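One structure follows; several queries about it will come next.
Chains: A, B, C and D, in written order; residue numbering restarts at 1 for each.
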Amino acid sequence: MSSSDKIGVGILGASGYIGAEMMRYVALHPCLDLRWATANRDAGLPVGDVLPNLRGFVQQVFLTPAEAEQRLDAVRVVFLALPHRESQDVLPRLEAAHPDKIWIDLAGDFRTPDAEGFRRYYGQEHRAPELLSRFVYGFTEAQRKTLSGARLIANPGCFATGMLLALYPLVASGLLSGRVALTGITGSSGSGREPSRTTHHPERAQNIRAYKTLSHQHLLEVEIFLESCSGRDLRIHFVPQSAPVVRGIFTTLFVPDEPKEVLREVFDRFYGDEPLIDVVDGSPDLRSVQTTPRGIVGVDGAPDRGSIVFTVIDNLGKGAAGQAIQNMNCALGLPETTGLAWPGGFV
Amino acid sequence: MSSSDKIGVGILGASGYIGAEMMRYVALHPCLDLRWATANRDAGLPVGDVLPNLRGFVQQVFLTPAEAEQRLDAVRVVFLALPHRESQDVLPRLEAAHPDKIWIDLAGDFRTPDAEGFRRYYGQEHRAPELLSRFVYGFTEAQRKTLSGARLIANPGCFATGMLLALYPLVASGLLSGRVALTGITGSSGSGREPSRTTHHPERAQNIRAYKTLSHQHLLEVEIFLESCSGRDLRIHFVPQSAPVVRGIFTTLFVPDEPKEVLREVFDRFYGDEPLIDVVDGSPDLRSVQTTPRGIVGVDGAPDRGSIVFTVIDNLGKGAAGQAIQNMNCALGLPETTGLAWPGGFV
Amino acid sequence: MSSSDKIGVGILGASGYIGAEMMRYVALHPCLDLRWATANRDAGLPVGDVLPNLRGFVQQVFLTPAEAEQRLDAVRVVFLALPHRESQDVLPRLEAAHPDKIWIDLAGDFRTPDAEGFRRYYGQEHRAPELLSRFVYGFTEAQRKTLSGARLIANPGCFATGMLLALYPLVASGLLSGRVALTGITGSSGSGREPSRTTHHPERAQNIRAYKTLSHQHLLEVEIFLESCSGRDLRIHFVPQSAPVVRGIFTTLFVPDEPKEVLREVFDRFYGDEPLIDVVDGSPDLRSVQTTPRGIVGVDGAPDRGSIVFTVIDNLGKGAAGQAIQNMNCALGLPETTGLAWPGGFV
Amino acid sequence: MSSSDKIGVGILGASGYIGAEMMRYVALHPCLDLRWATANRDAGLPVGDVLPNLRGFVQQVFLTPAEAEQRLDAVRVVFLALPHRESQDVLPRLEAAHPDKIWIDLAGDFRTPDAEGFRRYYGQEHRAPELLSRFVYGFTEAQRKTLSGARLIANPGCFATGMLLALYPLVASGLLSGRVALTGITGSSGSGREPSRTTHHPERAQNIRAYKTLSHQHLLEVEIFLESCSGRDLRIHFVPQSAPVVRGIFTTLFVPDEPKEVLREVFDRFYGDEPLIDVVDGSPDLRSVQTTPRGIVGVDGAPDRGSIVFTVIDNLGKGAAGQAIQNMNCALGLPETTGLAWPGGFV
C-alpha cells in the first residue's frame, strides 16, 4: 500500500512517552501513515533526533499545535496524547470544525460522563462537560460494538485497563460486588517523560513504595464503567505501587469467596477467543507483555482462602497506544488486530 | 573489649545469604566475637575469599560442621542459618550435649508448636517434634519478655516479620479478625544464594510475578502466633510477589473497616517507643531500611475506603540477621539495640 | 502471502535466548514460515508454554533434533542456535545430505578458517575442520556480496559484531593497525538461558565486573577477519565487562591518533547508506537499539586526546538473530531489510 | 565517649547525596559529634524527615548557612559538600575568621593549584585563587604525611579516586607515562540528588552511555597530581560511562606493555599494607565495595596483550565521604581507619 493510499493520522503531544509509543505503533501498522506529530518544546526538531528509536521510521519534524491544525485535512484519525486536562481545551473547537474525523483521547479528560467526579478526582472543573456524554469509553474487549463507527473515543487509563481486565468479567457475571481489594504495581514509564523525585534513578532503582493510596483517579472511570455495565455498586480499594521496572502494570485482585475453578471458567468464557488476551493458571510474568499490545490474566487459589486474579499489561501498550490502535481499528471497521500482531521478546 | 572478653558466637551455614549477613552483623556488634563459621561446599576456604565484603573483618576459614562441633565450647551462642529442614536434624543432639548454649534458628523448623502444620506447609514429617514447644518465637517487639533468658529461639521468617509488624498491633487490639488481605513484595535475595530460573537476571531484572499464592509457608507461623496472642481466628489471604530489587520486603495490608486515625493511634501506642521501628503517615520507601535492622510502618486511608497499613523491612536485616541479634541481645540481657544502632545509606 | 507460499525455515536449538529470538524474528518476517523448532529439554512442549511471548505466534511444539531431521525437506533455511561446539557435530552430516539448504550457524564453530585458533580459544580440537573454509563470515555490512547465494554462513559473535562495527571501516581505510584498546559492556542475556552465579539477580543487579580479560574467544574471528580484509596485523586488547542491563552491548574503542572529524568522515562513507546502521556525533544510548536489529556508531573526540568510537547493538538482534535474518536475506536475494524494518521503543 | 567529649563537626550542604553520606559516616564515627548541618531548600526541616535513613541518628533540623556560621565555634572540622563552584565563595571569608578549624572541601574547587586549568575545565574564573596553593590534595594513600596536621584539604573527585588508585603506583614506579587509556563506569548517584534526563529511571534503568568523553573535569586533578609526584608527562584518555547501578565506579586501565606479574608486584608493594585497599587477581566486583569506604584493585593480563588494572570504589564512600573521614583522621592524628572499619553486605 503506497503511503498516499494509507489512512492519514496525526498525533497531538507526540514527544511524551505515550505519544512516542503511538508513533511506534503507527509505524508498525500496515494501513496507517503518520502525517504529522506535534510537540511543544521540541517543535521544529526532527522526530528522529528527539526519539532515536524512530530514526529511519519517522521522517517528520515535530510541528507546533497551530501548524498541525492547518493540516487536519490530511488526516482521518487524531490521537491526543496531551497532558491530562489539555484535551478538553482543544477538542471542542477542533471537533466542531472537523466533525468527520475520529478523535481518540489518551488522557483522563473524557473517560466518564461524570463532570462532578472529574472535579473530585482531577481537582478542577471540567471545561468541556457538554462533550463528556458523546465519548465512547474504549475498554475494547467490552466495548467493541459501541466502538464500531465511533468518532469520539476515550482511551482507558493504564491502571484502569489492568483493573478492568480482572474485574469486568467477574462483575458482569455477578460474581463480584461491594468492596473489592486490588493492588497495581507499575513501572516508571507510567510517570511520563518529565524527571521527578520518584523517578530519579538513584532513588527508584531499588525501591518499592505506594502512592495515591485508595484515591487514584482511575477509580473514577473503573467504578463508573462497571456500574454502568452491571447495575451493581462497587467500592474499589486500590493501592497503586511503584517498582523499579520501566514498563508494565501487574494487578492483583482478591476474590475471597470464589474458588479458582469458577473464576477460570468465567475468564475462559470472556477471553477465550480474545486475540490479544491470554488466560493462564497461576501468576503471569509481567515480562511476557512488555513492549506489546497484549494482556494476560492469571487465576490462582487455595482451599479455604478463595482466589486471586492477576493481570499484566504494558502501560504504554494495552494500557495506552496498543488499545488506542485497537479502538481505532474498531472505529474504522478494520480487523481489530491489524498492526498489533507482532511478538515481544522473551527477555 | 578484647576479643577474648567478648561473647563467642558460631554460625552454622554461614555461606548462604543469611549466614553471610549474620557474620556482617556479628562484625558490627561490639560484644561479639565470631569463633567459627561453617559451610559445606566452601569448607576450607577463607571467608574473605568467598565473601569479599568481609575481607579484613573475618579472618577465619570456613569449617565443616564436624569441625565446628568440636569447638562448641568456644561459643555461648550458635546461629543456625541452614537450609530449611536441616536444623531439626542437628539441633536435638547438639542441644542435648550443650544445654547451656543459646541456639537461634533462622530456618522454618521450629517456629510453631504445630508439627501437623509443619507437615502440611513444609511437605514432610517433622523430625524433632519434641523440641517444638520449647522454642520461643522471636518476633522481638511482642516477645521480649519471653525472650529474656531464652535458650532456644526460632527467628521469624522474613515475610512473617513484615506481616506481623502490620498485623500484631491490630489483632492484639481487637481491631482485626477473620479474613485479612495482604500482599508482600520481595527482593531477590530472599531466594537465597543458589541461582535459579526466577532469579536469573535476564528474566528477573524487569519482571514482576506472584508465587505461592495464598499458600506461602509463613502463613503457618503468622496465624498460629497471632491466634495465640489474641484468641481470635484469622484467615490470612497473602500473595507473595517478586520484584527486581535485591533486598527488602514491602507489605500491604487492607483494613477496609477502620479509618486511618484509629490505626495510627494503635501503631503509635505499640511502636512509639520502639528503637528499631518507625511509624509514619503514608507509604514508606523500601529503600529507607535496606541493609539495616530497622522497620517502618506506614498508615494511609481515604474516606469511605478504610485504611491501608504498609511495612518495610530488609529481609536479611529485621527479617533475619538483625532480628536474630535483637533476640540474642534479649536472651543475654544486653541492651536490645547493642550492635544494631547504625544507619544505612539514603541511596 | 499464504503460509505455504512462504519460505520454510527450521531452527535447531530454539529454546535458548538466541533461538527464541530467532523465532520472534521469523514471526516478524513477511516471507518466512517456521516449519519446526527443536529443543532438547523442552521437546514435546508447546513453544508458547515455554516462551509465553510467542503465544499466538508460534503454534508448534518443540521437536527433538531427530524429529526435525525427518522434516528437513520442509525447509529451505536452517538456523543453528545450538550451544557452542555442537554445530560442528551435526552440520557435516546434515549438510552433506541436504546440500541445497542454506545453513546459518549462530555459534562460534565456523567463524574462521583457523582450526588451530579454534583449539586455542575454544579449548578443543575442531571436529569438522574440512567445513571451515566453506563458510562465509556473516558480518553483513562488509560481506553482502560474498553472502549473495551463500549456503553456509557463520553468523558473527555479539561482541565481535560490536567491535567490527567500529573497527572495520578504520582498518579497511588504513587508519588503524597494531595495538588497539577496546571495552565492551554487555547485558546479562549474553550469558544465555542457564542460570549461573554471574547472572544471579542478587549478585548481578547492582554489579559491574570484567571477565575473560584480554582473552575473549571473539578476538579470534575479529582479528582474522580484519587481517583478511586489510592485510594488516592487529593486536586487539579487549576487555568484556558485564553490567546490569538485560540486552545490548556498548563498545568503546580508543583511537588516540586521529581527530574526530577524520573518523566521522570515514564512518559516514562506510555506513552513510546503511539501512540498519546510524552514525551519530557523541555517545549513542544503548537503549536506542534494544530489541531491534539496528546498530549505532558514535564518534567523539577532544583536542590532543584523539578520538573514541562507540557502537551499540542488541546482542540478540544485530548481534545474533537480526544479523542472521539480514544474512539470510542476502543469501536468498531478498531485499536486505525484509522483516527487519520495525522500530523498538523509546524506553 | 559522651557527646560533649567528642569532636564537633559541621557540614555545609548536607542535603545532597554527598552531604547525606557525610552525616552517615559521622554517625558511624565513635569520636565525632555532628553539631550542625546546612541545607538551602530544606532549612528548618528535621534531617530525619528529609533523609529517613538517618531517623534516630541525627536529631537536628537543617540550618541555613547563615545560622551555621553563628555556630562555627561549636565545631573543629567543617566538611563542605556544596555544589561545585560554591566553596570558593564562602571559604575565603570563613577560613580567615576561623583559621584554627579544619576545612575539608568535597567539591572540585581547590583540588589543584592551577587556576588556569580550573577555568578551562570548570568554565569560569576561579574566585579564590590565592587559596589554591594552600590546600592539600587528599588522595589519602599517597598523601597521609602531608595530610597530618593539615587544615585545608581538597577531597579528590570520585572518578579521580578510581583512576588514581590504578595510576598512582604505576606512575610513581616509572612504569607508566605518556598516553594512557582508561574507562570509568559510574552509578547514577554520582549525578547528585537533582533529577535530570540522564538519571530519569525509564531512560537510565536499562541504558549504557558515555559522556564528557575525553574531557571530564577530573582529568585536571589527576594529571596535575601525578605529574607533581613523578615529574612525568601524562596524557590521560578517559571515557566516563554511565550504567544502571546506583553506587560505585568501576575503572579499567590499559597497560599494554607490562605483564600482569610486574603490575601485581607493584600494587602489592604500594597497597599491601593499606587497611582500606585490597589487591586481587582478576576483576573485582563493584558490589564488594558499595556502601563502604573501601577500594579494591584487580590486575589481569594475557600473553602478548599486556595487562589491565581494575579499580572499584563507592563514589560516595572512598570517592567522597569515606575518604573525607580518612583525611580528617590523618589531619587530627587519629588512627586512619577510625570510624571506617565496618563491612558492607555481600549483596
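Convention: contacts are C-beta pairs under 8 Å (C-beta built on N, C-alpha and C of every residue); 3 or more make two chains touch, one makes a residue touch a chain.
Bear in mind that the values here come from a model prediction, so they are computed numbers and not experimental data.
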| item | value |
| --- | --- |
| B-D or C-D, whichever has more C-beta pairs in contact | C-D |
| Centre-of-Cα separation between chain D and chain C, whole angstrom | 40 |
| Between chain B and chain C, centroid-to-centroid distance (C-alpha), Å | 46 |
| Rounded Å distance between chain B and chain D, as computed from the means of their C-alpha atoms | 36 |
| Sequence positions of chain A contacting 2 or more other chains | 17, 187, 189, 202, 205-206, 244-247, 284-285, 287, 347 |
| Arrangement of touching chains [line / ring / star / complete / other] | complete |
| Footprint of chain D on chain C - complex, ascending | 179, 181, 183, 185, 187, 202-203, 206-211, 213-215, 235-237, 239, 241, 243-248, 250, 252, 254, 256, 282-287, 290, 300-302, 304-308, 310, 312, 347 |
| Residue ranges of chain D touching chain A (in the complex, touch as defined) | 17, 187-189, 191, 193, 195-197, 199-202, 204-206, 244-246 |
| Complex interface listing, chain D residues touching chain B | 17, 20-21, 24, 27-28, 51-57, 189, 205-206, 246-247, 275, 278, 280, 284-285, 287-288, 291-292, 294, 296, 316, 341-347 |
